Amino acid sequence: MTLEPGTGPDGVPTEPATPVAEPITPRDLIVSASPHVHAGQDVPWIMRQVLLALLPGLLAGLWFFGLGALRVLVLAVAGCLACEWACARLVKRPATLRDYSAVVTGVLLAMNLPSGSPWWLVLIGSIVAIGLGKAVYGGLGYNPFNPALVARVFLLISFPVQMTTWVVPQGPGTALDAATGATPLGAIKEAVGLGRTVADAGAPGLRDLLVGNVGGSFGEVSALALLLGGLWLLWRGVIRWQVPVAFMAVTSLVTGIAHLADPAHYASPLVHLLGGGLMLGAWFMATDMVTSPVTRRGLLIFGAGCGLLTAVIRLWGGYPEGVSFAILLMNAATPLIDRWTRPRVFGEARKLYREADAA
Amino acid sequence: MLVPTVVLSGIGLLSGLGLALAARAFAVETDPRQEKIAEALPGANCGGCGYAGCGDFAGAVVRGDAKPDDCPVCDQETRRLVASIVGLTVQDRAPQVALILCQGGDDVAAKKYRYNGLASCASAALLGGGDKLCGAGCLGLGDCQRACAFGAVEMTPSGVARIIPARCTACGQCVAACPKDLIKLVPAEATIHVLCSNHDRGPAAKKACTVACLGCKKCEKSFAEDPRIKVADFLAYIDYEHAPVDPALAALCPTGALVYRAAAAPAAERTSS
Amino acid sequence: MKFSGGVHPAYHKDTAGLQIEAMPLLHRYVVPIAQHLGAPGKVLVAKGDRVARWQPLSEPVGFVSVPVHAPTSGTVKQVAALPHPLGRPMLAVEIESDGEDRPWEGLAPLGDWRTLDPAALRRAIQAAGVVGLGGATFPTHVKLSPPAEKKVDLLVLNGAECEPYLTADHRVMLEQAAEVMEGVGLMMRVLGVSRACVGIESNKPDALAALRRACPADVAAEFVLLETKYPQGSEKHLIYALCGRRVPPGGLPMDVGCVVQNVGTAVACLEAVRDGLPMTERVATVTGAAINVPHNLRVRVGAPLLDVLAHCGGVTPDVGKVIFGGPMMGIGQFDMDVPLIKGTSGVLCLRDDEAVLYEGGPCIRCGACVDACPMGLVPSAMGLIAERFRFEELGDWHVLDCIECGSCAYVCPSRRPLVQHFKRGKAEWRDILEERRARTERDAKRAETAATA
C-alpha cells in the first residue's frame, strides 16, 4: 500500500516506517449509535447493592425474632420470584428474574411483616406485591406504587388482626408461636387514645428503639442497622440524600413541634425517628427509584411530603404508623412533582420556563 | 331520615337539571351528514386519508376539504354511499395492494456490520443506512408492521417484511413508514413484479444479495417492441399500466428478482367494515 | 465556574506522551467533497486529470462552504460516490499518488498576519478550506464573520479535549504552541476583538504552561485551567465555565459575544495565511486496546482507514468497534476503505468486550441521566416518549437542545440507547415542525383564495 523508498519535497518520509504484519480486515465490526463506552452500573448491580444494604437490618430482625422471621423471609422471596415468573409466562414474555428486583421486593415485603405472620398471609402478600404492584403495569420501571408497600397496605386492610399481631422479641430462640405484644408506637397511640399520657404507655427506651429490641415488623425494628445500610447505599451512589434526609427532617420537625407544645400527649421526635417503620421507609422504601421523582428538587419535595404525612397520620390519624400510607400517597404525587420540578434547559431565561416551544 | 333523603334527592334533581341546561347551552352543532358518513366508513382509523381517523375524515368530507375518494380503504360501494350523502359522484377505481420491493433476507443478503441498537428501521437507518450491505434493502425491524392497522405485514423467518395481500387495504401507512422507500402501491391484479430496489452494478449487486436485480436487461429484451419492463440505472421497473402477465417471464431472471405472484383478491372481498 | 451535569469517564489518555508522527505517503487517497457542515463544493477535476499537492479539487458554493484540496500529487482515478465516515457513499475524488508530492504552483502565502486586513485574512482562510477541527467541521471563515448586530468581544480557544482517549490537541498544544498562539492572534484580528481566553482541562497543565510561554506579547490571551469533566469542550459549557455567559437554547456563542475555536484550527488558520497552505492534513490519535501500536498521527486528509491501521500495527483479532472520533460522540465505522477526513480527531479501536452493548432495558427512573445531562434536559422522559414513537410530544421536552454528548446513555443502568432515540427524535420532530409549517401555509393560502373567490 505504501510507495517505493524516496523522500518528498518537505522531508516527508515515503518509505514504510516499520515492516508490519498483514493487517487483519475486520468483517464483523459492531456499529451502534454513540456513546460507545459505559460507566459500568447495571440494574442487577443496583439491586444487589440494595440487598447488601438490607443485610444488617435483616440480620438484626432475624436475631431478635428468630425462626419466625426466617420463615417469613423465605416465603416472601420465593413467593415473589414465583409470581414474577408466572406473570411473565402469562403474557408470553421472557422472565426478568435475573435483574434481582423480585428478590428485593420479597425481602422488603418480609421486613414489613410481623414475624408471626401465617404462611398464607405472606404468600398472598407476595402475589399482590408482584402481580398487582408490578406486573399489571408492565413490569420493572412501569409501576407507580412501591410494590412491597402495596402488598403491606393490602394485607393491613384485609387482615388487620394478623397484621397487627406483633411478636415480643426474645432473641434467636423466639419460638414460632411466641407471645405477642404491642409496638412502641402502638402502645403510645393506645395510651393517649385512652386519655393517658405518653409516659404511661411504658414504651421501650431509646436504646432499645435504636438497636431493635422492640415489637414490630421484623425488618423495621433496628434503626441502627437500617441507618448503617442506608448510609452505605448513599456512599455507593445508589440512592441520593434528598429523600431520606427530607423525610427524617420533616417528621422530626412536625413531631418536635407537637412534642414541645404538649409533651404529655406527643412522644419525642427521637421516638418517632427510631420507632416504627421510619428508618426502613426513609432509607429503603421511599428511595425506590421507580416510584420517586427523577430530579433532585423533586426528591426533596417527595421526602418532605412523606415526612409530613407520616407525622400527621401518626399524631392525629387513626393508625399508629403512617409510613406506608405516606409513601404510597407521595408515590401517587410523583408524576406531578416531576412535572413541576422539570429542570431549566441550559441557557433558558427564567420566565420562559413553562412556555411550550412547539410551533 | 327524612332530611337526608330530601336533601340528596334535591341535589340529584338540581344536578340533573343543570346538566340538561348545560347540554343545551354548550351543544356543538354537527352536520347530521357527518355522523352518517362516519358510520359508513370502515372505522379502522388507519390515517390513510391523511386525517386523524374516520371521524375527522367524515368532517372533512362534509366541509368540502376532502373528497370521498380520499379514503383508500373503502370499497366501491362504500365510496358511492359516502359520495351520495354529500351529493357527489365517484369514479371506479382499480383496487390496489401494497408491495415490498425487496426479498433480501438473512439467507441471501449480506450484512456490512453487526448492528446493536433500537429495533426500528428508521432508527437503524441513521447508522449508515442500516446493516445491510445493499444500501437499498429491507432492514427487517418492523416499522411497516407497526404502521399497519390491518395486520397485513408479516416478517418472514429470514427477516424481511412481506405484505399479506388478503388483509391489505392499500391505505398507504406502510409506504410512509418505510425509511428506505421500499414499499409501493400496485394494482391488486398485477402478477409480475421486480422485488428489488438495488441500483448497484451487477457485480456489486450480486455481492450484496444473491436475489438482487443485476440490471442485465434480459427481461427488458423479451419485450422488444412493446416494453413493459424497463431497466434504468441497473434496476428493472414494471410498467403497471401495461403489466405483463406471463408467468414464464419469472424463469428468465437469472437471480430471481423478477417474480410471479398470484393476484390479490379484489378489495371488496378484502376489507371488512 | 463549573457547569452542572456531565460525567467523569475513565480517560485512557495513554497516548499523551507520544510525539506526533507523520504518516508516510500512501498509494491512494480518497477525498470526499463534503467534509464540513454547509454546502458541499463544486468539483473542479475529472477522471484522468493530474493534480498537485494542495491543488483545489472543489470550489465553495455559497458562503457557508469551503473547498477541498489534493493531499498529494498524482492522477485523479475517479470522481464518484465513495465510502464516507458518515456511513453512506458520498461524492469523492480518488487520487492515485505519483510519489513526487509536487506542490501546487498556485499557493499564495501572505506572510505576517499583523500586516493584513481582516477581509483578506478571511478570504485566505476560506480559500484554504479551513474548518473547525474540534469535530463539528463548521467553516471557520463563517464563524469568524459574525453578523454586524452580534457584538463579539471574546475569542475562546478550546483546548479542553474532553473526549477520553484523544490526545491530538494535547500534543498540538505542546509541540506547536507558538503556532497555536500566533493563530489566536490572527483570529482575534479577523474578529476585531482584543481579548482571548484559552480554556484547558486540568489534566493538561503542561499544555497550558507551553501555550502561556509561547504567547506573543501583542496577543492578549488569558489562560484558564478548567475542571476535567466531560463535556467540558462543548462550546456552550466551555463559554459558561470560562466567563459565566449562557448561550440561550437554539442560540450560538456569538449571541453572548463569543466565538469558540479549536487549537488545531488556530494552527490551520496561521498556515493558511502565513504559508498559503490549504488544509490537507491534521493530527489524529489512533488508540484503543484493539490497536497494536497507538500513535498521535499526522495524517493527510483522504488516507484510507486500512492504511492508517496498518501503519499502527494493525488491529487485534478481538477488535469489536472502530470509531472515528472519541468514545462518547464518535461514529462507528465498518468499511476499511473509508478515508480519514478533516473532522477525524481520532481512530479508536475498542475490543469486543470493552464496547458497550445496548440492551434497551426498561427505564427504572433512577435519575442518573437527569443528573448527567449538561443541557438540563430529562433524558429518561424523552427516551420513554421516543420508545413509544410519540415524537410529537418530544418538542415540549426541548429535544432540539440535546447536544448528543452521550452523558445520559453513558450512565444509564438499563443500557438504553438514549442518543439513538434522540437522533431519531430530533429528525422526526423537525419533520413534524416542517409539516405544521407547510399546513399553516396551505391553510392560509386556501383562506386567501376562499376570501378572494
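The first chain written gets the first letter, and so on, giving A, B and C; residue counts start at 1 in each chain.
Just so it is clear, a residue touches a chain if its C-beta (ideal position, glycine included) is under 8 Å from a C-beta of that chain, and two chains touch if they have at least 3 such contacts.
Predicted, not measured: the structure shown is a model, and the values here were computed from it.
Engineer: Could you let me know which interface, A-B or B-C, is made of more C-beta pairs in contact?
Structural biologist: Comparing B-C with A-B, the pair joined by more C-beta contacts is B-C.
Engineer: Looking at mean CA positions, which chain is nearest the middle of everything shown?
Structural biologist: C
Engineer: Starting from the mean Cα coordinates of subunit A and subunit C, work out the distance between those two points in Å.
Structural biologist: Centres of subunit A and subunit C (C-alpha means) sit 44 Å apart.
Engineer: Taking each chain's centre as the mean of its CA atoms, how far is subunit B from subunit C in angstrom?
Structural biologist: 41
Engineer: Between subunit A and subunit B, what is the gap in Å from one C-alpha centre to the other?
Structural biologist: Roughly 48 Å separates the two chain centres.
Engineer: So which bits of subunit A are touching at least two other chains?
Structural biologist: Counting only residues that touch two or more other chains, subunit A contributes 29-33.
Engineer: Would you mind listing the residues of subunit B that make contact with two or more other chains?
Structural biologist: If we look for residues of subunit B contacting two or more partner chains, we find 113, 116-117, 126-128.
Engineer: By the touch rule stated above, which residues of subunit C touch at least two different other chains?
Structural biologist: Residues 332, 334, 357-358, 417, 420, 423.
Engineer: Give every residue of subunit B touching subunit C within the complex, in rising order.
Structural biologist: 112-113, 116-120, 122-123, 126-129, 135, 146
Engineer: Per the contact definition, I'd like the list of subunit B residues that touch subunit A in the complex.
Structural biologist: Against subunit A, subunit B makes touches at 113-117, 126-128, 131.
Engineer: Quick check on the complex: what are the subunit C residues that touch subunit B?
Structural biologist: Touching subunit B: residues 86-89, 332, 334-335, 357-358, 360, 389, 417, 420-421, 423-424, 427-428 of subunit C.
Engineer: Touching subunit C in the complex: which residues of subunit A?
Structural biologist: 1-4, 6, 8-10, 12-17, 20-26, 29-39, 41-43, 45-46, 99, 138-142, 240, 289-296, 299, 338, 342-349, 356-359
Engineer: Once bound in the complex, which stretches of subunit A touch subunit B?
Structural biologist: Where subunit A meets subunit B, its residues are 28-33.
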